[in-house]
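Paired with chain B in one complex and with chain C in the other, chain A is shared by the two complexes that follow.
For the complex of A and B:
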């Protein structure tokens, strides 16, 4: 018992998995029968998208106070619109479509960084204002026409192997790579140093500006990739498809045990909290709670987690 | 001035403090009398700062009794109580709020300044005190703390501790107050300490500069391993006996002579830079194997010159970027420490490139590097996985030395890095600097301590952001440096 407690104290991400499991168990018990397994499978499907954008957001938040990427939703939308137009429902055009999406992400990242660097705008304002531009581009390009995704893309985004979504396997692999990127590479170390004390990191030889650029680009590219799969998953692009990912991308980072003050993050927690967020909504739906109550509870849980995590940090 | 017959102002009995597994204080007994200056010395990690934190109410003692002015204070003694009893503390890690002005920071410890015009009154109060302690300080009440140099911040913090509104001050604790001050300003402070102790205020002075301690203290207490090991009248100590009491062997002031025998190791030119606005033809040069000093009063552009070299200005061959330079911060909380990390990661950050194999950092190599430097520079910690913030200030500074010297950089920039470092360690670090220089590294060393210039091959004295004088060899004397510190440079070129 003691060792479990110690483990959880040293690995703050484990809380999110416990919470996800408890929420799942409560819901599964309520609906009884085989519904529980189906619920778990659906949770894996939906959480996949949270994880993709959450990881990008996590790297940005690790950079420290004031660093947050608010352009994720509009990047998802623009990339979905552009890639669906390029693919135009043809399997042969999937690769060019992906490349176009990645180009969109790269450009958004560059633009965000440019605003922060050249105009010295605080990141939160810079990414917010760029999100308006990106969203407008999506509206202008898409004109509200829904283009169906190619069949192969749709299959990848929705297929399940004995109940396990194919895409979630891909995202687990992505998460493993990103955890290695954060913990074992020079880039990851640099990001973490940046978030603790930017000036000290610079004087210790960390190339501050390059790290900032790479991080905002990484976030935008992951959002762009998420946009393509989301379009494949939901039968095409739509102009409000990114909406729910603004709060969700930040929430999964915070609930996952990463420090909102930067410099201390982890990848597994994003997975746990993405599952938890989806299951929480599912549970409240099953119990027949109204939409308003659902939002209130989600908000309360985030406040609770931040308070709890902050309290522990002080006791160090 | 010792008043052994009167009952002491403050009496500490059997004070113990435990941090997790570390026993920081193991039973300290100490008395402070009214109107005396008590010098407190000891190595880094001896427990001086911990003891003072307990006295100031910022830490709670695990065990022991504390009596101030006849009031017994047990558990639950807080900073507010300390304030009410007239105990003020100037901490080693400065405690001013960087986003507030000088006047606003003064108001923080004086809640009676309220109502309309409090800012003005607080400003007047602090300016009066600054003028009294540090005449010619050059600080204004509306300056934002974050914009001031570390020496000015230290001056404000010290002056603030001496300001009086509704409660009289009884005791002021000065923890390493002169570590960022140049010798002229430090003298002003020491004179002021003499003056206030004459008026009945007690002062505890912590310093690694034994000369200072011997000069102003009435009594000196020596701490070692969380205990007071000696406490006698200052007149009974001299430099040698003091160092011995601290428990290290006496190192005779034998600085490896600069010049002649080192000239063999000096190699190609590494730095050639002119400070912007330099009116004459003096320029800063440094070759491989040289130790070059930056002197002058504090805050005359020495740090800025180091930073500009760090960014690659004047580094030869031209076009070589800052990658060849490493920087050892003096203002370690702002410029050095990565607070969430262990000692190992704090040392490794400047050597990440070398510890890779393929894309990944090999933590065994990092561990090796950290262990080697922990040993070489004597970082006092159970192991290198301990968080850096668990170390005392001086030991954190050693980690920064290890970070820089452990990197591959050929040019080492030092921004008055010996703040809060004890005598024994200093001598070890001086030796390491000499060794590293003889292997071809170049050191640019800004220092506010005159003795450290003895280790330099050449010294540039700064005044108003430019070089006012270049001194070499036997011309590097305290007198010449002081003279050049006040010299106005005119456009002779």
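For the complex of A and C:
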């Protein structure tokens, strides 16, 4: 018993898996039968999108106070619109569509970084201003456009092998790579060092500006890729498809046990809290809670988790 | 001589930037549509700027203490819903609910200070709570604003249109309160140097609670004005106010840290953003680009400010 306690204290991400399991168990017991397994499979499907954007946001938040990417929702929408237009429903165009999406992500990342660097403004303002432009472009391009995703993309985004969503396997692989990137590479260690003490990191020879540029690009590219799969998953792009990902991307990082003050992050927690967030809504749905009540409880749980986890360092 | 030097100083240009950008957009609108240069035209142009300006001032109080409120849009929506339902049907309940909101905001300020929490996460969570309350209260768009609010917001004084009067009054009152009183100095001091305020014997906890409560008060004013203008409400009526209010504060010369804010600038910033949207429609550009244009204005003004700052540093 002692060892479990120590393990959880040293691995703050384990809480999110416990919470996810408890909400799943409560719902599964309520619906009984094989519903529980189907629920787990659905949770895996939906949480993949949270994980994709959550990882990018996590790298940005690791950079320290004030670093947060508010342009994720608009990047998701713009990349979904652009990729659907390039693919135009044809399997042969899937690769060019993905390249176009990655180009969108790269440009947004470059623009975000450019604003931060050239105007020397806080990242939150930079990403907010650029999200206005990106969102507008998405609206202007995508108004009235209703293109179905290519069949192969739709299959990848929705198919399940014996109940396990194909896409979630890919995202697990992505999460493993990103965990290695964060913990075992020079880039990842530099991001952490940046978040713990930017000045010290700079003096120790970390190329501060390059790290910052790469991190904002990574976040935008992951959001762009998420946009393509999300369009494949939901049968095309829509203009408000990115909306819920602003809160979700930040919430999964914080609930997952990463420090909002930066410099101390982990990847597994993002997976656990993405599952938890989806299962929580599913649980409230099964218990028949009204939409309003669901929102209130989700909000209170997020506030509760940050209050409980506490912020050590600076605000914001 | 001193006077001349002031006009050439970076400080002057930084302070004048919000007014200059508003003038610029306003001249553009008048040039495209000279008929807007009338009592009726100005009324129409700036009507919807009043609730946005109030929400911007609300946001400014939080920014002054180095925090950020990502829930102000959903809070204003909730207030609009309360205004269109309880406040009309059972005024006492409505007033109690609004007072309760102020208390919740003050409690949030206390929570954020005591536990040293990141304000963006807490307020992001609260935005769900406010939205949830609004949906419970008004599941479908509807309700109707109390008559006294409608009369108040559609009041037409002679000579000067009401929105302009309201904007001037708002800017001056908050400017006086925050920039010209000793209380204002203390409250800005929380953002500037929290330790100094504590060492001087003041309670930062209480000051933060007051600032958050003031945010709620101005958020409530914004919601009630909005519901008066729109005459009915829905749970999503003001969601875009969150980003608009932050943009307004920044556009008005406020800074993110250090308690550097400008109430007059914030009001001007909110008016500029509202006007940018109308400017586009006068240019016959699709409203799809409205948010984009607001983003562009923000980026241009920030770029100009960066230039001014750099020139100052070079001297």
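By our rule, the second predicted complex is superposed on the first by the 310 of 316 C-alpha atoms of A that agree within 3 Å, B and C clash if a C-alpha of one lies under 4 Å from a C-alpha of the other, contacts with A are read in each partner's own complex, and residues count from 1 in each chain.
As a convention for this text, a residue touches a chain if its C-beta (ideal position, glycine included) is under 8 Å from a C-beta of that chain, and two chains touch if they have at least 3 such contacts.
No experiment lies behind these values; they were computed from the predicted model shown.
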item: Chain B versus chain C as contact partner of A:68, first or second or both or neither; value: second
item: First (chain B), second (chain C), both or neither touched by A:9; value: neither
item: Which superposed partner A:122 touches (first chain B, second chain C, both, neither); value: second
item: Partner chain(s) touched by A:196 [first = chain B, second = chain C, both, neither]; value: first
item: Partner contacting more residues of chain A (chain B vs chain C); value: C
item: Chain B versus chain C as contact partner of A:204, first or second or both or neither; value: first
item: First, second, both or neither for A:143, with chain B first and chain C second; value: second
item: In the complex with chain B, residue positions of chain A that touch it; value: 180, 184-186, 189-190, 192-193, 196-197, 199-201, 203-206, 263-264
item: Touching residues (chain side chain A, partner chain C) in the complex; value: 66, 68, 115, 118-122, 124-125, 128-133, 135-137, 139-140, 143, 246-247, 250-251, 254, 260-261, 290-303, 306-307, 310-316
item: Complex interface listing, chain C residues touching chain A; value: 66-68, 111-112, 115-122, 124-137, 139, 243, 246-247, 250, 256-257, 286, 288-296, 298-299, 302-303, 305-306, 309
item: Residue ranges of chain B touching chain A (in the complex, touch as defined); value: 310, 322-323, 326-327, 329, 334-341, 345, 348-350, 352-353, 356, 359-361, 403, 407, 409
